[in-house]
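What follows is a pair of complexes built around chain A, which joins chain B in one and chain C in the other.
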Partner chain A sequence: MSSTLHRETLETAAFRAGYLSLLAIMLLPLLVVVVTSFSGTGRLAFPPESFSIAWYGEFLDSVRWLDAFTNSIIVGVGTALLATVLGVTGAFGQELEDDDGLLGTLLAPLVLVPLLIPPVILGITLLMYFNEFGLRGSYASIVLAHTLWATPLVYFVMRSVFSRFDWQQLDAAQDLGAGPVQSFVHVVFPNVKHGIFVGGLLAFIISLQEFVMALFLSTPGTQTIPVIAWTEIRQALDPVVSVVSTILVVISVVAIVAAVIATNLEWLSRQLS
Partner chain B sequence: MSEITLSELEKQYGDTTAVEDVSVDIRDGELLCLLGPSGSGKSTTLRMIAGLEEPTSGEITINGEDVTDQSAYERNTSTVFQDWALFPHKSVLENVAFGLKMRDVPKEQRRERAEAMLERVQMGGYGDEDPTNLSGGQKQRVALARSLAVNPDVLLLDEPLSNLDKRLREDMQIELREIHEDVEETFVHVTHDQDEAFTLADRIGIMNEGELIQVGEPTEVYENPANRFIEGFLGDTNFVESEAVRVTDDAVHVETELGYELVLPSDGDPDVTEGAELTLSLRPEVLSIEQDAAADSMEGHEQPVLADGSTLNAVVGTVENVLYRGSTVRYSVSVNGTSMFAERTGANTDALTAGEEVRIEWEGDDVLAFRPDGSQVTL
Partner chain C sequence: MTETPTRVPTSIAAVRERIAGQSSSNRALLLMAPLLAFELLVFVIPFFILLRISFAESSANFVYAEGTVSLEAYASVLTNELLWSIVGYSFLIGVVVTVLSVLIGLFYAYAIWRSTGLVKSLLLFSVVLPLLTTLVIRTYAFRPLLSPTGTLNEILLSLGLLSEPISFYPGTIAVVIGQLYIVLPYAVLAIYSVLATMDWHVVEAARDLGASRPRSILEVVVPQVMPGIIVATVISFAWSVGAYAAPGVLSSSLTFAIQVEDMMYGMRYPEAGAFSVLMLLLMLASIAIIFTVLNRFGGEFDLA
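Entry: the complex of A and B
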């Protein structure tokens, strides 16, 4: 009995150790990036010979970097809004459909397609496509490209959120005189708003870190942070790249923490009820 | 207050027919119970009245107006759902006021009305509560108040009491009855519980396999069921297979699987031919069961005819087992190898025991007979 128990704890410990070391190996590069951003010299080396926050000052003084930062935020917010609207309405519409019609059956695999096409190919194709409409280099073109990627993720998050929603509440709302829009606003939305928030954040993060399509579709005026970082690294490896990466990592971590808190708040309120 | 008419209502899901050819006039201000086993189509019928399901064919009118093509939110009906479907993110008061808000009633007025409705269902003072913190009975009351607050043409109740425990359910039945008398609105109540239907209903509509078989007052459907299904569904009974052996103007003589020839008195000209197969229904409440002091008296199996012309039927058998059920004691009796059961009130201390010879008697008038297709025979 005690020996089995002993073996089980040993196995658990081994599993945990393995898991943690895997996590550490994956997260170490991030640590390197963060540490090098505080480098005191102009070389991107690890470990740095000395520490300073000079490169943060450099970043804040650089018009190019700040413009790219603004571009990333514009594209990210645009993507988050568009992908959320599409993903939420798509998932909602599919839930409303009584019997799985042709559209419903086709929608789920169809929505996945953009995720399966290599981004290089998507980027080139979209570049040619948007040229036809005179959209080349516009924010809209990058937002649309990122939305292709972000929408499926929002869609699947919302499918799972809606599957936990008590649809009888929608019946009750309509039964009491609420039309389609009113019942969504007053009854469905308050129940799934945390899920929508998480979906939107996810779309924002996807857009923030996407590089390949942004490289093809942007012009100097609309270059996002990953695109600038790429061109900078090719010219000279300086710690501003690390600074920018650190800021991106921090934004992503903050967004994920916000998402976790939002979902857990919902979970917590369910547990308490 | 309003009348609802369902004409030839039908609902199909793919190849399955959930509701078939349902026609009924629901009277102004009545409480109609749709009663049937699960899957009988009663909830689907209710949801079609609410507008939550679209009928495949047929027509629904409320106060003469055809509402078949109107959406749920365009109809002035309101439903109390089985799980109550209260909005968890709104307070109790906001729940009750929701329908009024959708009707653009000014805030102050809807608050007053909602508070009055909560008062009516004895939930006054609970307005600020979170509905998720309420007990089942309390949720039930709030759901009722929410539905009544909009002053619906008809209140639809979809098994709202089935999730409550027995005691609370019985209290709520009586309260629902009182509320119905008080608000003078038309109620349609769906249930699978016979006792609930008998307690609540002005009229009962019995459904089975998508069809509405019979609509009538509780005594009418109980005493004069349209078919064998209803007789079996409305309460425990003994079904006894038999064959008509002699038909006269005032009686049908049947040979039964009990091994006895029984006499069913007729009001005249019974609608039975000799040789017809009949299923008899002997309800436990019409049977009396006594120790058989003179088993020999049944020799020859001749049934006695009483002086006033009525017939008394009797069979003799052996008690197989005794089931004590609190208020009643049920005896399973083997009559020439066929089992039947009879009951005594628990207060009857003259207990019978297994293995004892007993005599079961009943008046011939209390027996119903059904044809093989299930329809009732007019005797």
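Entry: the complex of A and C
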């Protein structure tokens, strides 16, 4: 009896040590990025020999990085808008279709498949395609490519949000004489707006971090942050890359906090009503 | 024929209902139309164009010779031994990373499931945060950690575990670690999302009946989370075989992605197309095999 107890304590200790070291390993690369951005020398070492904020100044002086930052935001906002419209309308339409028609059953796998194709192949495919139409290098081509990856997330978030919505409310609104648009705006939207917000945010983050498709489709005028970071890394590694990365990590953390607040607000409003 | 006055209103109501029903399904169609059109225009048609270009002849002046049909590109890819060794290496990376990612992912997801409060939030946060950071950044951070003069070597040397530094980077070990770090969060979340719906009492019952902890996990938890494991496997495999960032930053080895990029920049579109099509077919076949094997594995446990 005491030997099994002894073994169980050992097992518990090993289990705890296992997941805590994994936790450390998961966070370590991000720690490296943040710490090396404050490096005092040009060499990327962890931990750095000395600290300074000189590389932040370097970033703010670099037209190339700032242009890339603008490009990233333009593409990210474009992707978020397009993916949200497509994902929300698609999921909503599928919810309205009561008997699962052929199109409805085709839609989910069709939306999902792009996520499983290596981005290099998607990049090549879209590069060949956009070349045919002379769209190569435009913001539109990158936005369309990113939307291919962002839409599945918005779509699946919205499907789960809509599945929790009480559809009798919509019937009630229509029985009371509200048109389709009116009933959506006044009845459906207030109930799902937090879901839409989270979906749009996810789409924005997906676009902000995607780089393989952006690498293939961009021209020097439309390069996004990860694309520049990639070319920099392959040449010489200096701490400006870490500065940019830190800024992106901070944006992501702010986005998570915003999403958590939004979903908690949703939870809160459900408790109150 | 002999309609009574009372039947008329009901039939009108039935007709009205049918019209209403039809307009509702039309509305559904109208709402799904933009998404369908988008997937068709930006996903389905481009793939047919890729397929078409892969069957075109190469051209000296253009990226491919328009309007030609030939198997030239396929023949040149299929007879090139270098390309096959590259494909073999890519699949090797894919298999190693997938096995590690599913095993570690299962462990981590289980730890998240069993923990509570702050630890649970922290563990979840550690999975979500890397997910939201660009691949490039996640990958290059391993350079100062794994290089011969890097942090890991310094620690191992000062502990006396090594007499001289090991070069993890650049090399296959660094690629596996970097790629594992890229796919692990997705694997953890895929398994955790299924695990979260599971009832802990089932595991408790197995233990009360005398199952050891490892056995209760292998025979009770694993079969139940099989859907999550399948998703984690497919995602890890698909993304690792086609990995681009990790091999590019952490090694000088050629993988499929690096090689096909080279063909694109060399303006050999038909060859790049044919190589992509063949790679997709190989991946599709592998995923089908993974799916069948894991399904059967889960199914057998259900029967027992």
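Observations
Following the convention adopted for this analysis, the second predicted complex is superposed on the first by the 251 of 273 C-alpha atoms of A that agree within 3 Å, B and C clash if a C-alpha of one lies under 4 Å from a C-alpha of the other, contacts with A are read in each partner's own complex, and residues count from 1 in each chain.
Going forward, contacts are C-beta pairs under 8 Å (C-beta built on N, C-alpha and C of every residue); 3 or more make two chains touch, one makes a residue touch a chain.
The shown structure was predicted, so the numbers you read here are calculated from the model rather than taken from an experiment.
Using the contact criterion defined above for the overlaid structures, shared-chain residue A:Q168 touches chain B, although it does not reach chain C.
When both complexes are overlaid on chain A, the residue A:M128 reaches chain C alone and has no touch with chain B. In the superposition on chain A, A:L112 contacts neither chain B nor chain C. Touched residues of chain A, counted separately for chain B and chain C, are more numerous for C. In the superposition on chain A, A:G177 contacts chain B only, with no contact to chain C. In the overlay built on the shared chain, the residue A:I261 is in contact with neither chain B nor chain C.
Once the two complexes are overlaid on the shared chain, A:V250 sits clear of chain B and of chain C alike.
In the superposition on chain A, A:P190 makes contact with chain B only, while chain C stays out of contact range. Chain A meets chain B in the complex at residues 99, 166, 168-169, 171-179, 182-183, 186-187, 190-191, 273.
Chain contact summary for the complex, chain C toward chain A: residues 24-25, 27-36, 38-39, 42-47, 49-50, 53, 63, 104, 107-108, 111, 115, 122-123, 125-130, 132-138, 140-145, 149-151, 181, 184-185, 213, 234-235, 238-239, 241-245, 248-249, 256-257, 260-261, 264, 269, 272-273, 276, 279-280, 283, 287.
The part of chain B that touches chain A in the complex is made up of residues 13-14, 50-52, 71-73, 76-79, 81, 83, 85-90, 98-99, 101-103, 130, 132-133, 146-147, 150. Those residues of chain A that touch chain C in the complex are listed here as 8, 11, 15, 18-19, 22-23, 26-30, 32-33, 36, 44-47, 85-87, 89-90, 92-94, 96-98, 101, 103-104, 107, 110-111, 113-121, 124-129, 131-132, 144-145, 147-148, 151, 155, 180, 205, 208-212, 216, 225-226, 229-230, 233-234, 237, 241, 245, 248-249, 252-253, 255-256.
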